[in-house]
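In what follows, structures are represented as structure tokens.
Here come two complexes built around subunit A, the first alongside subunit B, the second alongside subunit C.
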Partner chain A sequence: MYALAVVVVALAILLGDWERIRFNFFNVEVMADMFPGVLTVAARNTILYTLMSFAIGLVGALALALMKLSTIGPYRAFAIGYIELFRGLPALITLILIGFGIPIAFDLRMPGGRVGAGVLGLSIVAAAYMAETIRAGIEAVPWGQSEAARSLGMSSNRTMFTIVLPQAFRIVIPPLTNEMVLLIKDTSLFFVLGTTPLTKELTKFARDFMVEIRNATPLTVAALVYLAITLPLTWLVRRLERRAAVSR
Partner chain B sequence: MKKAIRLVAVLAAMALVLAACGDDGGDGGVDASDLELVEAGTLTICTDVPFPPMEFEDSNSELGYDGFDIELSVAIAEDLGLEPTVATPGWDSITGGLAFEDDQCDLAAASITITEEREENIDFSDPYFNGEQALLVKADSGITNWEGLTSVAAQTGTTGEIYAQENWEGVEIVSFEDAAGPYLALDAGEVDGVVFDLVSQQDVADNDDTVTVVETYATDEEYGLATKDTPNLLEAINGSLAGLRDAGTYDEIYSKWFPEA
Partner chain C sequence: MTACAIKISELHKYFGKLEVLKGIDFEVAMGEVVCVVGPSGSGKSTLLRCVNRLEEPTSGTILIEGDDITDPDADVDRLRTRIGMVFQQFNLFPHLTVLGNVTIAQRKVLKRSEKESVEVARQVLDRVGVLDKIDEYPIRLSGGQQQRVAIARSLAMDPDMMLFDEPTSALDPELIGEVLDVMRKLAEDGMTMMVVTHEMSFAQEVADRVVFMDGGVVVEEGPPAEVLSNPKAERTRRFLRMVLEK
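Then we have the complex of A and B:
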């Protein structure tokens, strides 16, 4: 089987027109042209939109998780409905709904304009995905903890917020960080709501560059910048998972 | 026996890979007539929708599309004895030439303004339409000219976007990839207006009382049909255009789509 692998690699090297590939995907002049804009505008926007969506989504996810675990029927029903809906729809549709559908139908303006609508839409999607993660984390905290807290006379709210949730968060930090990585990639959908030179995120920035200079190098640069953002995060996740495993 | 079968499978797979790599995919290898067509006997018309009244989707039409540009292109196809068909590869790949290089189009009829920049990437026919830009706003907004705008929407890479960028100091220009986005943004209140070709703006305003055209800008622009690297086809198209004008067919099509003119 090694022979097959060697043959395939050899074929790729022989049949690839490396000069053309270099010119079209790794053109150094084009790369130089893209800086600093690709970092100061595009990457900055991507990171900003991700962090904002993550923060708002996290608050929403916490609320949803608690609602899903609640003893009150309507709360549970709402949480289940919300989660199923926004996990079932493509993020793109949610963005268009929030950015165009709702303003047109209800004649209201989204706060924060296009960026606000994009962040709100993505937060809604993020909340749906993270709610399940947080719920699982809450349920993973040993039942003995809440038993002990209640027997000490703590109210169920106090138990939840001071005893259970802090422990739950330690458990869910690795999967939540994974969610953030997914969010980074979903910000590439923001273009559909309209872009201005200063609000472009990484993918749109690269695509516009590509159209302007008719070369695929901007995509390579965008890919590298995305990896520069996500790889440290996934490395961090691995470290956190190891530490969590050790402390058990 | 097993080893032999595996070896044959590997060789077959390699043969497939080699065969796939060897086929270039159409550097002009598909020409079956001296009109250099993507598919012999067919005129593949590329356009970008929706942009009424020039081009838009129409389920009642045989081609699935209708509009001034479509009808004109079909008339040219008939004149050249070709079967028309329509494709929509995207505005950027049409004006950048990629759609032609990819063998997706013979001819592009999409209200494309003839500009020097575009001439570097595609070849234009003789001009077939005079264009100008216009500003569309909500009728109840109280805006009467571009100076009343805080933000305006445009389609990326259009002469309207360029006009706004060059002339409208202090107005935020929001760009969309297709021609529908700007109007959605206006409806949603995300922008104060839309800057686009007069033909489309007027059509939208005629069909929607909530919006109105408040200003037009004479830009001396002309639309051209586009091809790329197919000089014989281009010559034939120009010949057809001239013939259609002489025979009065152009005027017929024009007065059908622009009756007040």
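Then we have the complex of A and C:
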């Protein structure tokens, strides 16, 4: 098996057009041209869109999780319907629905324009995914915790917010960080909504730059910036998970 | 009429089709210490948990100092502040320090000021002998210390009575004594207590009355000297033989 790998690598080295690869993917002049826009506009927008979608999605997810665990039937039904629907659809469909479908149908403009529509669409999808995570976290808190709180005279709402949720959130921080990594990548879908030079996120920025100068180096740069954001986050998740494992 | 802390009448409880409490009539007087003993599955824990409605009775009434806690319109949260409860698994809040555990319900439920709640916390923690652990998190405490903090957490609410659900069953043998000591002191101070336990010597020594339950009914009750040393019912005798042989 090693022999095969050696042969493949050797062939790649011998036959690869290295000058061409260097020129098209690792072109230093192109890289220099991309700065500072790739950071001050593109990366900034990617991070901004992610954080906004995550924050709004988290609030929605918490509401959905509580609804799914509610004793009130219609709330449960709504939460289940919502979660299954938006986890079942491609995020792209939801984005197009919010960005074009609903504005066309009701003849209205989304607050915040195209970026607003993108953030809203992504929040809707993120809420569906994170709701299940949060629900699982709430259910992972031992029932005895609720019983102890109730026996001290706390109402069920008070018990949820002061005793159960603080513990549930510790449990779900690693999986929620994972959701955020997925969300970072999903912001690349914003391009379907149309952009202006100042609202481009990383993928759109790189793609437009590539088409303009007919060179693929911007893709390499975008990939490296994505990794610079996501790798520390996944490293953080691993650390958090290890710490959680130790404390239990 | 003598003050009755807990008055249970005609209490039935079903889990699905299974009837675990088959008509319990039972009283605990103010200041009385009642130990409930019996084999596992006899319904004694369910009975205790019905008293503060952690378990919903299927039928029957329970009066807490005359107030019907089984009434659908009863302010259960309010009534529960008068009933302390201690669990087998302690159930301390792991995300709060010992101080946080003992103050959170004082602040959120009784609306005590921060200062007052800390004062009360120090007092009750001193009473159960864990004041030196006030800033620790529960995970750093031994089982015996955790259970004593749990007792302090209940005491901080100034309850009129305390329910104990097998408070020493999850403890290592060498830690049982320190928890029983605290409970003994509580009893001496006149606290009304209903204790589900397997500690026969504790019941013998501390209880005013022992109740033996089996199969969802009260088989026998009376002073510990009678029930534990000279039981009338064959079922009680069989159970005591089994427990004492262990």
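General observations
Heads up, the rule we're going with is that the second predicted complex is superposed on the first by the 248 of 248 C-alpha atoms of A that agree within 3 Å, B and C clash if a C-alpha of one lies under 4 Å from a C-alpha of the other, contacts with A are read in each partner's own complex, and residues count from 1 in each chain.
Here, a contact is a pair of C-beta atoms (placed from the backbone, for glycine too) under 8 Å apart; a residue touches a chain by one contact, two chains touch by 3 or more.
These numbers were taken from a predicted model, which means no experiment stands behind them.
After alignment on the shared subunit A, the placement of subunit B and subunit C results in a side-by-side fit free of clashes.
When the two structures are aligned on the shared chain, A:S70 is found in touch with neither subunit B nor subunit C.
Working from the superposition on chain A, the subunit A vertex angle toward subunit B and subunit C, CA centres, sits at 160° in steps of 10. A simple residue count on subunit A separates subunit B from subunit C, and the partner touching more is B. Judged by the touch definition given at the top, the superposed model places A:Q145 against subunit C, while subunit B stays out of reach. After overlaying the two complexes on the shared chain, residue contacts for A:T196 are found with subunit B alone; subunit C is out of touch. After overlaying the two complexes on the shared chain, residue contacts for A:M154 are found with subunit C alone; subunit B is out of touch. In the superposition on chain A, no contact is made by A:T40 with either subunit B or subunit C. Of all C-alpha pairs linking subunit B and subunit C after the chain A fit, the shortest spans 48 Å. In the superposition on chain A, no residue of subunit A contacts both subunit B and subunit C. The touching residues of subunit C, when paired with subunit A in their complex, are 52, 54, 77-78, 80-81, 83-85, 87, 89, 91-95, 104-105, 108-110, 139, 150, 153-154, 157. Residue ranges of subunit A in contact with subunit C, taken from their complex: 142, 144-145, 147-155, 158, 162-163, 166-167, 170, 247. Residue ranges of subunit A in contact with subunit B, taken from their complex: 4, 7-8, 11, 15, 99-100, 103-104, 107-110, 113-114, 117, 191-196, 208, 211, 214. Note for the complex: subunit B touches subunit A at residues 10, 14, 17-18, 21, 92, 96-98, 121, 153, 156-157, 172-177, 181-182, 184-185, 187-191.
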